[in-house]
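Following this line, the structures themselves.
Next come two complexes, and both contain subunit A; in the first it sits with subunit B, in the second with subunit C.
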Partner chain A sequence: MTQTLLLFVVVLLASMVAGLIRVKRGPTSSDRMLAAQLMGTTGVAILLLLSEAISRPALLDVALVFALLAAVTGIAFVQRYHAMETGEQE
Partner chain B sequence: MNSLLWILDITLCGSLLWLAWQTLATSDLFKAIVLFIVLGLVMALAWARLDAPDIALAEAAIGAGLTGALLLSTLTAITKRTGPRTPPETMDADT
Partner chain C sequence: MSILDMASLVLIAVGCLFFIAGSVGMLRLPDVFTRLHATTKADNVGLGLLVLGLLLRSGSMFVASKLVLIWLLVLVAGATTCHLIAQSAVRRGERPWSKR
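For the complex of A and B:
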């Protein structure tokens, strides 16, 4: 069971590394930010699986903070996008 | 079990080093901010893997979340005030 969970963790981490490519060469800023958001979500999944696999319940709290703060950066990006658009209209 | 944990650790270390280098080397400010956020996320995963969940908590909260949001709003303020940023090399050449 632990083996299976660790295998899933490795697969999720590989998908995170694949997301790095989009951060590196995403043409627009939205691509980059969305890849970062996706990596935050993947990080939550990795932490949940890891806390079960190496039996550390404290990692659940870290997963919670991950989920919370992915939203904060997303909101900051949308605010920036909005500010740039209204700034151009003036 | 050991081999999978090894793969996990090596992937974390490699991506951390690559992210740190890219964050410092890139000239696009927005790209550097996103890379910094992702670096904070991977760093928090590394702390979690190192059995330090409290440091992982602080890293995720401050390093990735708050600092990322603050840097993004700072970049917005700078861009609104001075327009699109000119590369520092040309500024150095002028002065």
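For the complex of A and C:
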């Protein structure tokens, strides 16, 4: 059972690495932000699986913080562009 | 292996498939908006199935409610961020992809 869950963790890690290709290649910064967002979600999934596989309930709290921080990064990204735009207009 | 373990494994496996589909969509689709669409939807469903699979294995009510809370937080945050990124892409003059 534990081995199977760890196998799923490896599969999800591979899908995260695929996201890195988009970060490298992505034509616009929106694409890079999108890839970062994907990594946030996948990271939460990996932490949930790991906490079950190696029976560490504390990892659930880490996943909770990850989910919160992923939301904050997206909003900070949009805010920064908004500030740059209004700065140029003035 | 009990039937409950089997069901939870199947749910987790299907969830992983959705995650892979989201990654493939992000790499293969032509523009920001289609990529956002693929990634956000597939990942939220994948995480939902994964949480459902782990719920079947979680022993206590406390752990179960925490799992559901994490899923809801990711759901709300993912939808909001997807919308914000799409809006900022439109404002910066990005055109939706169309077949020429």
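The criterion applied here is as follows: the second predicted complex is superposed on the first by the 86 of 90 C-alpha atoms of A that agree within 3 Å, B and C clash if a C-alpha of one lies under 4 Å from a C-alpha of the other, contacts with A are read in each partner's own complex, and residues count from 1 in each chain.
Simple rule for what comes next: contacts are C-beta pairs under 8 Å (C-beta built on N, C-alpha and C of every residue); 3 or more make two chains touch, one makes a residue touch a chain.
Computed from a predicted model, the values in this text were never measured in an experiment.
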item: Which superposed partner A:Phe77 touches (first subunit B, second subunit C, both, neither); value: both
item: Touching partner for A:Met33 - first (subunit B), second (subunit C), both, neither; value: both
item: Touching partner for A:Arg56 - first (subunit B), second (subunit C), both, neither; value: first
item: Touching partner for A:Leu68 - first (subunit B), second (subunit C), both, neither; value: both
item: Touching partner for A:Leu13 - first (subunit B), second (subunit C), both, neither; value: first
item: First, second, both or neither for A:Thr2, with subunit B first and subunit C second; value: first
item: Which of subunit B and subunit C A:Val23 touches, first, second, both or neither; value: first
item: Touching both subunit B and subunit C, residues of subunit A; value: 16, 33, 35, 68, 70, 75, 77
item: Contacting residues of subunit B [partner subunit A, same complex]; value: 1, 4-5, 7-8, 11-12, 15, 18-19, 22, 30-31, 34-35, 37-38, 41-42, 44-45, 48-49, 51, 53-54, 56-57, 60-61, 64-66, 68-70, 72-73, 75-76, 79-80
item: Sites on subunit A touched by subunit C in the complex; value: 1, 4-5, 8, 11-12, 15-16, 18-19, 21-22, 28, 30-31, 33-35, 37-38, 41-42, 44-45, 48-49, 52, 57, 60, 63-64, 67-68, 70-71, 74-75, 77-78, 81-82, 85
item: Interfacial residue positions of subunit A with respect to subunit B in the complex; value: 2-3, 6-7, 9-10, 13-14, 16-17, 20, 23-24, 29, 32-33, 35-36, 39-40, 43, 46-47, 50, 56, 58-59, 61-62, 65-66, 68-70, 72-73, 75-77, 79-80, 83-84, 87
item: Sites on subunit C touched by subunit A in the complex; value: 1, 5, 9, 12-13, 15-16, 19-20, 22-24, 26-27, 32, 35-36, 39-40, 43-44, 46-47, 50-51, 54, 57-58, 63, 66-67, 69-70, 73-74, 76-78, 80-82, 84-85, 87-89, 91-92, 94
